[in-house]
Structure formats: C-alpha cells, structure tokens
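Common to both upcoming complexes is chain A, partnered first by chain B, then by chain C.
== the complex of A and B ==
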C-alpha cells in the first residue's frame, strides 16, 4: 500500500472528480432512459464544478453549481417530466447508428487527445503557484476595470474589461427568456369555452326571448347545453 | 511505491496535476457530448449532449486560466479564461431555455419528442 504521506491530495481529489465527471458523461451517452440521462448529467456537471474548485476557479465553480446544476438542469428535468409519456421515456437508437457513433466518437477522442498531448508546455508538471481569489477581479472586470495581474507573457498595455460583453449577454438573456416564454405559452383554444360564449351573447330583450333562445340552443346542441363543441 | 500499482496510476496520485489532465477530461466530456448529440433520438437527449459539449469547452478554459496548473514559464489565459467560462455558462442557460421551449412546442404539435419525426420541412 502506498504511504499516505506520499499522496498529493489535490491529485487524489482531481482523480475522484475527473473519474466521476467522465464516467457520468459516458453514462449519459449509453443510457436509454431519458430520466436516468438527466440524473447522470447532474452528477457529471456537479463533478465538473468540483474540478473548477480544484483549479482555483472558485467563482466559476460556484456559478456552475448555481446556474448549470441549479437552473439549467432543473429546466431540463422539467422538460423531461412534461414530455415523459411512456413511449418517449426510452427511444431506442438503431444498433448500426450506435456502432457508427462509437467509431466516430473514438476517432474524435483520438484526435483531441493527440492534440492535447502534443504541446510540451501543457505536459510539463505544474509548479503549483498560489492564485488569488478570483471573485473580486472577475466582478471588477465585468464592470470594465481590470484589477488582476497580467498573466506571465501577456503583451504590455491596457487590457480591456468585459463591460460590453456583459451588457450584450444580459440583453441577450432577457430577449431569450421573453422569446422562450412566448414560444412555450399555452395555446389559444380554437373553440371558445362556454363561459366565453355566454359572455359574448347579447342580453335577451325579454323573458320570452330568453326562454326561446334557451330552447333553441338545447335543440341545436350548443355549447351552453353541453352538446358537442 | 507499491509494487503492484501500475506506474502511470501511481504517478497520477503522487504528482501534481497539470493542464493536460484537465484537457483529457475536457476531451472526454466533449466527445461524449458530440456522440450524444449525434446518436440520441430524444430531443431532450440532444439538448443534454449540447450541455456536455459546452461543459467540456469550459473545462479547457478554466484549465488554461488556472495559476495552479501552469508549468514554469508556460503562457496562461489569466482571468480571461474564467470570464469566458462565465459567459459560456450564461449562454448555455439561454440556449437551454429556448431549445426547451421549441421542444415543448414540437411536442404540443406532433405529440412526440423524436427528432426523426421532425421532417415537416423536408423537400
């Protein structure tokens, strides 16, 4: 057994979160049941938030948990629940398509891994520099002012903040949510409901006319008499 | 070092992780997402694939911006990588909202979420 003192706990937790994220991502692909896919996706994205914390990006990790896992995935799970009629919970993929997707996925993974290992700078062991808390510099950068240190090797000069992208993203989010609410709104019924028919009718001039109208509608099988719509 | 532990795994446990470890995780997430998008017939499964792809890209951005993972003298994205990762998360939220609305609309009109049935515009 390896002595505990020799372990790098940062690496141990990295392996834990990385294995969880990758295994759950593969499970999303392999699962047939859409509810299970949503569950695996929650675990995968949560483990990725753990990886962000380990990389020193604590603000991004917190946002990942709050927006992605807490917001986007809840939205997705609601979508699953709204459409999860029995025949659609698991829609089978043809076996030939599975084989083809596996081959293409393996080829893509080979290319990506080859390019990831091809740069010498990325393969060198990390020196483990201490980072500063990123929340305040990020907030200031979103307001257009940079208070963080320039990274090593960056060209000198004024660095721009993110005020304009921040505004664009916020307006984009507003437009998108209004559009989503418009797209997903309840449809207007083609046949008016009885209460609407009653409200749109002229008030009867006399009691006799009212009775005649009632008899008429009963014979004609109108909406008010409970006939076919 | 334990005699039965394979050397690669042992070095993973005792040496600090670098950028390339995060890149491998990002590559696996990205590939899973692409395969999920291409293979699933459920529209919500395709959406989950998109989330996985964006998440894999985010892992790479955070890895390149992290001071802990940099080798000596390697170039880093600094804070820019984290800011881009935040924007990606926000845009993913917006994309999920619209895509879910479209999926619900499709479900209302066609009574199915099978993307193979979405062939009304087929020429």
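== the complex of A and C ==
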C-alpha cells in the first residue's frame, strides 16, 4: 500500500503514454504492411494526445485527435486502396535506407534533446498555472484580444493578439482548399461524372466513382474493384 | 466523490481516485451495454410494429423483453471464426477499436450538472473528435476480413463519415457560439428555464440547423437511410460480414452506443440538456441553497430528463430507419455536399447575424439573450459551486 501511495501518479501516466507513443512509433518503422503501419501511427498519435490531456492542454489534445488521428484515417483509406494490389502488400525497406534513416533520426533526436535540456525553465520542477486550461482566452487571442497578461518584458505589440497570423493561415488554407477542388474537378472531366457511373453500374463502380470524387483519381477505385487479395 | 472518500472515509488518496475513476467507467459501460440490450429489443419491437408484425413475444413473458438477453447468451456461445486469408491481428483488434472510440466519447458527456466522467473545457470538440474515430475499427474490419463485401462496406463508410463530419461540425458550432463556451455543462446550463430557453427555439436559424444536425448525426453513426456500409441487399452485411459471436456484438454495442451519444449530444446542445421543458425542480422549490439532499435529487431528476431525451432521439432514429428506403451512394454524397453543408453554412451565418442584430430575441423578455453569462460564472471564484437547481435561473443566482 505505502509504495503505491508514495508514487507520483502523474509521472507514471506520463511514462505510460510516452512509452506507448515511442513503441508504436518504432513499430511504424518496422512494420511491413501499410495498414498496420497506419494503425501503429494512430496509436502513437493517440498516445501523444493522451500526453496533452495529462498536461491539462485539453484543446491541443482534442486538436491532436481531430487533425492528426483523423488525418491518418485518410491515409489508412489510401493504404487499403494500395494494398489491394499484390506488389504493394508488403513494403520492405532496404538495409541501406534503414541505416541512413537511423543516422538522420539519431541526429535529429540529439539536436532536440540538446535544445530541450538547454532551456533552463524546463528543468525546474513543474509549478503550473493550474486550473485554467480554458479555450476561451485562446480564441480571444486569435481574434486579436489578449485577455491574459502579456509576459513580463514583452514588447507592447504582443498584447494585440494573433489576428494577423491567424488570418494569414486561414487564407492560406482556403487557397489550398480551392486549389485542391480545382485540381480534382479538372481531373474528373475526363472520366464520367460520379452520378452517372453510380446510376448505371453496380456497387463497385459507384465506389470507384466516389473515390474519384474524393481525393483520388479513378485509378485507386479500379484497383479496388479487383478485390482485396 | 474522491474528496469525500479522502476526507470522510479516510482512504489514501491514490485509492480514492482509482475508485472514483472505476465507478465512472463502470457506469458509462453500463449505459452502453445496458442501453444496447434495451435498444435492440426496442428496435425489434418497433420494426415489427411498423411492418405490421408482432416481433419477439415469447422470451421472458408477454412482450419478449428478455429477447436481447437470450441473443446475448447465444452470441457468447457462438464460435469465434476468422477467415483464412484474414490479417489476424487487425481482424481481432477492430471491434475493440470501434468500441473504445464509442466509450471514450462518453467520458466527456455530462448526464447532469456534475454527473460527468471528466468535465472538459472543450467537451463538444472532444466528443466530435472521438466520435469520428469509430470508423477506424470499421475500416480495419473491412480490410482485415479479406472479403470484398467487407472492403466495399468499409470504404463506403470511410467516405461517408469523412464527408459528414463537415456539416456536423458546422451544426455543433452554433450552440457553442450562442453559449460562448465549448464546455457541454455550460452550454446546457445556459438553456435553463422554460422551453423557450432551449437553443432549438432561440431563433429560426437554430431551429433549422437542428434538423441538419439530426440528418448528419444519423449519417455519421451509419443508420438507415444512410447504412450503406452494411447494405444487406448489396453487400451481405458490409464490414461485419465475416464476424461472428462476441466480436460481432462489440460492433453492435459500439453502434448503439454512438446512437445514444449523438442523441444525448443533440439534447445537450439544442434541447436544454437536463433542463426540462418545464422547470419542475424550480417549481417544487428545489434550488441552490436548499441543502445537499435537494441538490442530489435535482441532479438525479436532471439525469432522468437527459436520458429520456436521448432515448427519445434513439427511438426517432429507429422510426426513421424502418420508414425510409436506403439511399444510393451518390444520393448520400449529394445530401451531404449539396444540401447539408450549404444549409448549415447559411444557418451558421444567420445565427451569427441574429445574435448581433437581435441579441434579446424577437419578443423582449421571452427568452434570455444567449451569452449573457460568461464561462466561469457558473463555478464562482472558489472552484465548483453547489449545483444550480434544474430549471433555476442561473443568471439570477450568480453574482
């Protein structure tokens, strides 16, 4: 009983989530099946979201779930489409690539560790500003009003919030969205419209048409029509 | 509860927190599993009545109300089969992925003022994000089954869920905007009082967007008329063609859990949560300051209220399922992209303008302006305040 009481449960859960994230990340690299890779990636990203929730950053955690884990969903769909064809069922990494990737990864890790441990504030025990992980100040700051205090010694402009960066990012995303829609549309002209295909053919073709309407050309769909194995 | 265990019972801190978490988890599991039992029976009866049949009549008495239990025993006793070409690990894992996603979303769902697994500041966002993860299990199941029917079902489901998340997100944003908070407890508390305070009746735009939400919610949990992923007439049984026994029933528990969840979310966002059409608790004189027992009673009443609304939502889904024919995939996509998304966007803009032009409502005094109490007032400066009564005017009690 006593050893349990003496444990720092926050650290225990931190280590649990961190170990899960790292183990799944390694599994992504070592797995040979695209769908399994995507699954491990989902677990790794989900464990990272758990770390965010543990730190009290609920908004970032939910964002992580929605954007990264949800984004991997689309990846998974493409994984399924690709692996429906025999040559892609297993992806093997050449030993040379493995060594190269290991060297680059280790170098990046070394740089990150070095810079993380060189920040003096991060080495002190956590004395958090607890109990205010609210999303409202964040939203207000993005709209241009900082309701929280500006950090000491900050230039006067910092209180004006992040309206400009927010708008730039929004417009950028909008441009990307319009561009993607334009590209998908231009491609679709060469193939029959999805409604026509779906109305005139059996379910596999309607699926292919839908794939074309989505983010992929008709190729992914025709691969699918061949069946999984 | 943890504070009570530490201070009054004298348990060590870690044990108290573990017990608290276990109680919450077991209660939520019971909502999902027990709910599935009841809803499957209800579904069979409703389907039968709509088709002019009787449905189960013999098991367990007059109405066949033990039918689900008998089904459950049969499912447990069934052999757990796996197709020969299947990807074993993914095939075994898929039902649990689906079920866990459904379960996790319940953590942030409040059943009454502080009857909530974990009150999150971004509750709405969390629930919507986690709900979208259920489709992972379905895709894995479809892929790992090594069956073309399963694969088609899974890909249809993926396309459908990814598309319908867009209008669903837009519908959910409107109550968030009106309440000025993403906290589900705050959103529900701001609708306290009579029927007119519900966000459903806040303005014409929210009334329309509620029905868009209903459509998208039905689509996102894969119920007929949007059940293309398991279209029996085309795909045998869709993604769960190859599953049997207990693994199959996990998919079904996940499905009924999700149905209940989107209904409860609709109740919290648009139908006042635990604040009834009539503020019964307030009329009975049970409000903040009448003691602990009264608070508990008020919250219990509120929970019954919310569960009732959510059950009603599930029953409506069943009614819709057995009434409307299944849509084709292109019709599903048209409904999403050409109708739901533009309508939701227009209603969102409309609700925003209404909020700016007529903050007090069309008839002054009929409903309280939304957002008049800001986030944090509910709690007070010293942390969690005693729960306001169900139906009590929150703005009146706060400082």
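The rule we apply is simple: the second predicted complex is superposed on the first by the 145 of 229 C-alpha atoms of A that agree within 3 Å, B and C clash if a C-alpha of one lies under 4 Å from a C-alpha of the other, contacts with A are read in each partner's own complex, and residues count from 1 in each chain.
Basically, contacts are C-beta pairs under 8 Å (C-beta built on N, C-alpha and C of every residue); 3 or more make two chains touch, one makes a residue touch a chain.
It should be emphasised that the depicted structure is a prediction, and the values quoted were computed from it without experimental measurement.
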Q) More chain A residues touched by chain B or by chain C? A) B
Q.
Per the contact definition in the header, classify A:97: touching chain B only (first), chain C only (second), both, or neither.
A. first
(Q) For A:70 in the superposed arrangement: first (chain B), second (chain C), both or neither? (A) second
Q: Could you say whether A:163 touches chain B, chain C, both of them, or neither, answering first, second, both or neither?
A: neither
Q) Touch check for A:178: first (chain B), second (chain C), both, or neither? A) neither
(Q) Which partner chains sit in contact with A:59 here, chain B, chain C, both or neither? Use first/second/both/neither. (A) both
Q. Between chain B (first) and chain C (second), which, if any, makes contact with A:141: first, second, both or neither?
A. first
Q.
Taking the superposition on A as described, I'd like to know which of chain B and chain C A:14 touches: first, second, both or neither.
A. first
Q. Touching chain B and also chain C: which chain A residues?
A. 1, 7, 59, 63, 73, 76, 80, 83, 131, 134
Q. Can you name the residues of chain A that touch chain C in the complex?
A. 1, 4-5, 7, 9, 33, 35-36, 39, 42, 58-59, 61-63, 65-66, 69-70, 73-74, 76-77, 80-81, 83-84, 131, 133-136, 194-195, 198-199, 203-204, 206-207, 209-211, 213-214, 224, 227-229
(Q) Quick check: in the complex, which residue numbers of chain C touch chain A? (A) 12-15, 17, 85, 87, 89-90, 93, 120-122, 125-126, 128-130, 132-133, 135-136, 139-140, 142-144, 146-148, 151-152, 154-156, 158-159, 162, 165, 180-182, 234-235, 328-330, 333-334, 375-376, 383
Q) What part of chain A is in contact with chain B in the complex they form? A) 1-2, 6-8, 10-12, 14-15, 18, 21-22, 25-26, 28-29, 34, 37-38, 41, 44-45, 48, 51-52, 54-57, 59-60, 63-64, 67-68, 71-73, 75-76, 78-80, 82-83, 87-88, 91-93, 97-98, 101-102, 104-105, 108-109, 112-113, 116-117, 121-131, 134, 137-138, 141-142, 146, 148-154, 162, 165, 169, 172-173, 176-177, 179-181, 183-184, 187
Q: Enumerate the contact residues on chain B facing chain A in the complex.
A: 1-2, 5, 10, 12-25, 27-36, 38-42, 44-45, 47-49, 51-52, 55, 58-59, 62-63, 65-79, 82-83, 85-87, 89-98, 100-105, 107-108, 112-114
